[in-house]
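Lettered A, B and C in written order, each chain numbered from 1.
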Amino acid sequence: MSTLSAIVLRDLKVALRAGGGAGIGVIFFLTLMTIVPFAVGPDMPLLTRIGPAILWIGALLASLLGLDRIFAADHEDGSLDQLLLSAAPLELIAAAKGLAHWLATGLPLVIVTPLLGLMLGVEPKSLFAVALTLFVGTPGVTFLGLVAAALSAALPRGGLLAAVLVLPMSIPLLIFGVVSTHVAIADGSLGAPFRFLIAISLFFLVLGPVAAAAALRHVRE
Amino acid sequence: MNFQSDGIRLTASGVSCVRGGRPLFAGLSFELAAGGAITVLGSNGAGKTSLLRMIAGLLAPAEGTIELRGGPGSVGEAAHFLGHLDAVKGALSVSENLDFARALLGGGGASNEIALARLGLNALQDLPAHMLSAGQRRRLALARLLAAPRLIWLLDEPTAALDAAGKEVLIGMMDEHRTRGGMVVVATHLELELEDAREIFISNGRAV
Amino acid sequence: MPLIDYANPNRFQKVAAWLIPLSGAAAVILIALGLLMGFRAPPDYQQGEMVKVMYIHVPFAWLSLAAYTLMAVSALGTIVWRHPLADVSGKAAAQMGAVFCFLCLVTGSLWGRPTWGTYWDWDPRLTSVLVLFLLYLGVLALWRAFDDPNRAGRAAAILALVGFINVPIVKFSVDWWNSIHQRSSITLGKSAIDPAMLYPLLISAVGFFALFLALYLAAMRNELLRRRARTLRILRSAEAEG
């Protein structure tokens, strides 16, 4: 089995077996969506208008959950040293870990999105497009977050710091993501904003692992 | 399997180490050939771990270079590093941990059965690793050395948490590794019986 | 003497000793001159006297971006060229850049009050500056998170470079976001600048750059002293242990 697929599988196994993982992110997302109407009022037209924004902010925050753990857990048990000794390029190893994290945390959110969309008054015909925008955007968030995860791997309370570092740079994803979702709801199609979303996400898919590898090499000690 | 390591040398020249602003040692040089061994001695905190991490490429030396002359890649790609932490994932079973090590560091070594049997762990093959005792986890980490063959073994206090039987197995493993052309660098604050091993003694800011 | 020789911290301290007061003096003179000329220019037909806050707001905006660029160049110096003063430069640029960025936001808000009627309007330019301020805060937070200044410097350098690469993307997104929400509010300073106002602006801008230089060098000097104190403390505790 190739090194990279072994890393993805191992991280998935650990995430699924060791509690947390897919479940907690989805529950967090669901809880967030539920409390918004309590804050805003059960005004369906308003909720429909801000629905995509809330979905995206929720997905963003839920993705940042456990972001710092991507490398911190390995740092704490000595596995990170082993990863650095592998013959595989560190950038690809970082990407493999990012992929595993997204599969365990981001993908479940995408799957749950149509259900939550209904709660927020999104038309059924638009739910697939909505989920698709999140499907494209959440990997961008995760891979961008790889840098913050790598920088805070050895820090004691890296969680909040990682989120603080990632959020400003995820604003472009948020902007194009929400607008893509609005367009998807309006006429069930995906236009120019969606293409920008794809482009930015792809850019982070490359930048994230490269910067994360640099951080792992230079910052650990 | 034997390593094709006749012309390969692990060399360090003028290496110095500064940790937390404090100089631990300076001007250390050595050369290690196939079949050779180095024991790094010194009290706790002297810099033994730092030296091993520098050889592995996990830590950059403040001065000097460490390289693998005649070897295909960097030292790290040819080395096993066994640190204070065992690098064992509790959520995975014993054999899953070994399989992963093989995928990460290269296969072609002993099978799980053989490696685990050598270290007395084959009854625990399918047990989740978080159920192992400290000594058993240490032995699982050692099994990694057999499952994924690599030229250089960098062992930091490998006998910690091992009982007398475990130490015997370890010494046997190290001797065999050297016979096959491998190299061993062991850091320890106790004496470890290795034949023909160069000793490096780190203490109070100097290495000899 | 080639620029690289200023790498030696002691040599740097010697240069800083005269360069800081010199830039400071130049700053005071130029800023005073620029503001004096500026206040003598006629008030803007649309925004009245308030437009004169532009003489400090616009230089602050330019400085925020220039400081971030300086931080990014320092970051390259830290990671790629391993220059000994690079991370100190990066920290100083981050600190001073954050301050000027904050002042840009404050003056922008004050300028906006008579123009928009509120203290904040999510004007696209000012919003971009706000995001830039958040990026600065992230870099500063990373500096504080590490005990070892060398590690902190490398971490902050990587973050600064990633942020620098992202700045154009963020700017583009914020502008796009603003345009699709079809806002028609007046952007600060959109009207063409009268030549009578341009020269005071440029002079005060140069003055503020000189001020930045003085503060940045002073911050570098302070950081070097701080590290020296830390090293001495560590060595003393090592001696005490025996």
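In this text, a residue touches a chain if its C-beta (ideal position, glycine included) is under 8 Å from a C-beta of that chain, and two chains touch if they have at least 3 such contacts.
Predicted model only: the values in this text are computed from it and were never measured.
Across the two candidate interfaces, B-C and A-B, the one carrying more C-beta contacts is A-B. With centres computed as the average of Cα coordinates, no chain lies farther from subunit C than B. Look at where the CA atoms of subunit A average out and do the same for subunit C: the two points lie 32 Å apart. Centroids of subunit B and subunit C (each the mean of its C-alpha atoms) stand 48 Å apart. In terms of their C-alpha centroids, the spacing between subunit A and subunit B amounts to 37 Å.
For subunit A, residues touching at least two other chains, in rising order: 221.
Across the assembly, subunit B contributes no residue that touches 2 or more other chains. Partner subunit C is touched in their complex by these residues of subunit B: 20-22.
In the complex of the two chains, the subunit A residues touching subunit C come out as 147, 151-152, 155, 158, 161, 164-165, 167-169, 171-172, 175-176, 179, 196, 200, 203, 207, 211, 214-215, 218-219, 221.
Listing the residues of subunit A that touch subunit B in their complex gives 1-3, 6-7, 10, 13-14, 17-18, 76-79, 81-88, 220-221. Interface of subunit C with subunit B (complex): residues 148, 230-231, 234-235, 238. Residues of subunit C that touch subunit A in their complex: 79, 131, 134-135, 137-138, 141-142, 145-146, 151, 154-155, 158-159, 161-163, 165-166, 169-170, 172-174, 176-177, 180.
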